[in-house]
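The same subunit A turns up in both complexes below, where it pairs with subunit B and then with subunit C.
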Partner chain A sequence: MMQLVNISKSFGRVQALSGVSLTLEGTGIYGLLGNNGAGKTTLLNILTSRIFPDGGSLTLDGQPMLDRDEALSQIFMMGELNLYPEDMRVRRALEITGYMYPRFRMEEALALGERFGLNLKSRITALSTGYRSIFRIVTALSVHTPYLLLDEPVLGLDARHRDLFYKLLLESYGNDPRCILLSTHLIQEAEPLIEEAVILQAGRILRQGSVEKLLSGAYQLSGPAGLVDNFLGSRKPLAQTSLGGLKTVYLEGARPQSCPAGLEISPAGLQGYFIALMEEEESKC
Partner chain B sequence: MFGSNDGERPLFLQVETLLEEAILSGAYPEEGQIPSITELSVSCKINPATALKGVNLLVERGLVYKKRGLGMFVAPGARERLQEERRRQFFAGYIQPLLAEAEKLGFTREMVAKMIWEGGDEA
Partner chain C sequence: MLKAKWKGVLAYEIEESGKTHGLFFGIMFIVYLSILLLSGGDISGGSFSGSAEIFSFVVGIVSVRQDLRLFLQNGKGRRTVFLAQVFLALGNALFMALALPLLGILIQVLASTLFPGTSGVLWGEFSFLYSGVQASLPVMIALAFLANFAVFFLGMCISLIYYRLNKLGKLLVSLGVPALIILLAIQGVRTESLHAVLRFLLDLPSPLAVYAVICIPAAFLCAGASWLLLRRAPVTGSGASSLSLKG
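The block that comes next holds the complex of A and B.
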């Protein structure tokens, strides 16, 4: 179990994270969701001791984990390419990962690379944006540490390769269930894959919990504006949109048992809920 | 097909329907093995917990059973029971909405019956 309590971090005058508390338990696919600049990468860098928090505590199975090799060997974060020498070729870089992480499976990496059409002989620096992501994915999925952190893994991938990635991620998880934290801003694509969601905004956790539970506490309601306003009364929706006389609002709370006449109630969907939350937060500023 | 245009229904119910359809069509024969949770999860691109939840609905209904260490299999008589269930839902699920739509469009029941007899050759 990895536990973060009240983590804060600032860069100069920018408060990147404030009061972040998070528990990653056992096996599961967690989604770390947030807009660009929400603090996702900062949080991941803290989890892997690449940077240190200004305050708060981090423990792995009850032991403090800051800068402890023992703890770090349990965690793998999808790498930055600048960790490799410029002229290194893909196959060599995979071999080196094997020296550093004893659980790394070379045959699996080669098989994954083949399914993506990754050229093992290519220099890493010569790879296209998409194939750089693929190289990082292939490495990450083959490492098999108890904790795997994926930072925007599908960046620059086309639709076909994104699809392949989601399938291979689930295959890898099915064969070796472990704790996977998937950081992404592509919420709609990630929604069916993740069990637990952590919604980060401007360095704070806005909501966290099982996707099922989060979504059972939100819904959208639409209909003629007058009827919608009547239904709302003094309640303030998270967000609202209008199209002519048709109004749609996002609400938090349990869905009403029966739908008022003339109105339509539908599930919010994680992306809809996320956007509504963001809009509500912005309206507070 | 999975997940598309069906966003209103929770994914685990969609898994249940997917398997029901495969049993009804004979794609998964009785006493035959159904895909593993990982296979379902990968092919539908959903979390394995969601796939398991869908499969468990069929287990609870006695349509699928688990053989320890081997996997999950279609129960004997499952296809017939599903057909029976679907027959019972056929009127409410298909005929009633059909008649309601026909009425809105000004078709008489005779015209609807004629269309059915002619197999939709002519709209």
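The block that comes next holds the complex of A and C.
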């Protein structure tokens, strides 16, 4: 079990994280969601000791985990930043990962590379943005650590490769269930994979819980603006959008069993829920 | 678990530095062979040891940054990065200490074979310490080991100072250190304490002792400072050099 308690981090005057407490345990795919600058990458960098928090504690199975080999060897992070030497060839980078992580499966990496059309002889520096992401995906999926952190894994990938990645991630998870923390802006695409969501906003955790539970407490109501406003009464929606005479609002709470004619109630998707939350927070500022 | 960890780390260090050091040795051999051929067998005055020390210094600069990033990516902490550098420093110094006489012997053999009658002598930088006489083989090895060990850590320390400093800090160090050296050079010679240090060094029984007295504390000092700089070094952005001397 990975446990973070009251983590804070600032860069100069910018408070990147503030009082973040989070527990990752067992197996599951967690979605780390947040706007740009919400603190997602900072959080992942702290989890892998790439940077140090200003305050708070991190433990893995009850033991301090900051900069400890015992803890770090249980985690693999696929970040946006390439930490392998730029002039290293892809195959060599995979070999080195194999040296460092005993559970790394070279045959699997080679097979995945082939499926993505990754040139193993190429130098990392010569890879396009998309293929750099593919190189990192191939490495990450072949490592088989109990904790896998993916930071914007589909950056620069075309639709076909993104689709392949999601399939392979599920396949890999099915074969070797582990704790995967997926940070992404492409919520709609990743939604079918995510079991638990952690929503960050301005360095704080705004919502956290199973996607099913979060979405069961929210719904979407749409219809003619007048009808919607009458139905709402004094209730304040999380967010609203208007197009012509039609209005859509996002509401938190149990979904009503029935609604007036002309109105439509539908479950809020994770992306809709996320946008609604962000808009609500912005309106508070 | 511990054994597996070090097996991986050491395999990486040995393979990567093996390629680099092999390449360096090959280049140096070609350079001295070219000198030998172009000069018609006269290679007196050539020095491999100076090049070796520059190389060790650069390896010290590059490897710590490269390993910090690579090891953090691959589940190893900064303590392991530091210990790997100590291993690399020892291996590098040993390689250089042994490669120096080996290259000398190789060139001597080639010189006597290709140009019989010439007395080509490959001088090391250490020969001047012994009044122009070639030091004995064990002494040469010991001197080269000490010098390369110390300059590796000096390179590592300088690399980490620049890695940790912000732009203003880098500027201040870049200007301040040369200014301090110039100031010391002007003022220092007049001070009694510097004279005392020089007298102490000159009174030591042999150049090997002088090297030991200078290089061992310098290596420990640089290594200690490096650890202090490394233990909280962040790994983000483009902080590390893309220059690679390994592989």
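Quick note on the criterion: the second predicted complex is superposed on the first by the 281 of 285 C-alpha atoms of A that agree within 3 Å, B and C clash if a C-alpha of one lies under 4 Å from a C-alpha of the other, contacts with A are read in each partner's own complex, and residues count from 1 in each chain.
Here is the rule we go by: a contact is a pair of C-beta atoms (placed from the backbone, for glycine too) under 8 Å apart; a residue touches a chain by one contact, two chains touch by 3 or more.
What you see is a predicted model; the values in this text were computed from it and never measured.
A.B. asks: For the combined arrangement obtained by superposing on subunit A, do subunit B and subunit C clash, or do they fit?
C.D. replies: Fit: subunit B and subunit C sit side by side once superposed on subunit A.
A.B. asks: Scan A:Y173 for contacts with subunit B and subunit C and give back first, second, both or neither.
C.D. replies: A:Y173 contacts subunit B only, not subunit C.
A.B. asks: Could you look at A:P256 and tell me whether it touches subunit B, subunit C, both or neither (first, second, both, neither)?
C.D. replies: In the superposition, A:P256 touches no partner, neither subunit B nor subunit C.
A.B. asks: Pick one for A:F76: touches subunit B only (first), subunit C only (second), both, or neither.
C.D. replies: Touch partner of A:F76: subunit C, not subunit B.
A.B. asks: Does the superposition put A:G55 against subunit B (first), subunit C (second), both, or neither?
C.D. replies: In the superposition, A:G55 touches no partner, neither subunit B nor subunit C.
A.B. asks: Mind telling me which of the two, subunit B or subunit C, contacts the most residues of subunit A?
C.D. replies: C
A.B. asks: For A:P267, decide between first (touching subunit B), second (touching subunit C), both and neither.
C.D. replies: first
A.B. asks: What is the C-alpha-centre angle with subunit A at the apex and subunit B, subunit C at the ends, nearest 10 degrees?
C.D. replies: Result: 140 degrees at the vertex subunit A.
A.B. asks: Could you say whether A:P64 touches subunit B, subunit C, both of them, or neither, answering first, second, both or neither?
C.D. replies: neither
A.B. asks: With the two complexes superposed on chain A, say which partner A:G209 touches: subunit B (first), subunit C (second), both, or neither.
C.D. replies: Neither partner.
A.B. asks: With the two structures laid over each other on chain A, which partner does A:G117 touch: subunit B (first), subunit C (second), both, or neither?
C.D. replies: Neither partner.
A.B. asks: Quote the smallest CA-to-CA distance from subunit B to subunit C in the superposed model, rounded to whole Å.
C.D. replies: Comparing every C-alpha of subunit B with every C-alpha of subunit C, the smallest gap is 27 Å.
A.B. asks: Write out the stretch or stretches of subunit A touching subunit B in their complex.
C.D. replies: Going through subunit A, the ones touching subunit B are 29, 163, 166-167, 170-171, 173-175, 177, 192-195, 266-267, 269.
A.B. asks: Could you please specify the touching residues of subunit A with respect to subunit C in the complex?
C.D. replies: Where subunit A meets subunit C, its residues are 45, 48-52, 67-70, 72-77, 81, 83-88, 92, 96-97, 99-102, 125, 145.
A.B. asks: Quick one: in the complex, what on subunit C touches subunit A?
C.D. replies: 1, 4-5, 7-9, 11-12, 66, 69-80, 231-232, 234-237, 242, 244, 246-247
A.B. asks: State the interface residues of subunit B toward subunit A in the complex, per the touch definition above.
C.D. replies: Result: residues 3, 7-8, 11, 36-38, 41-50 of subunit B touch subunit A.
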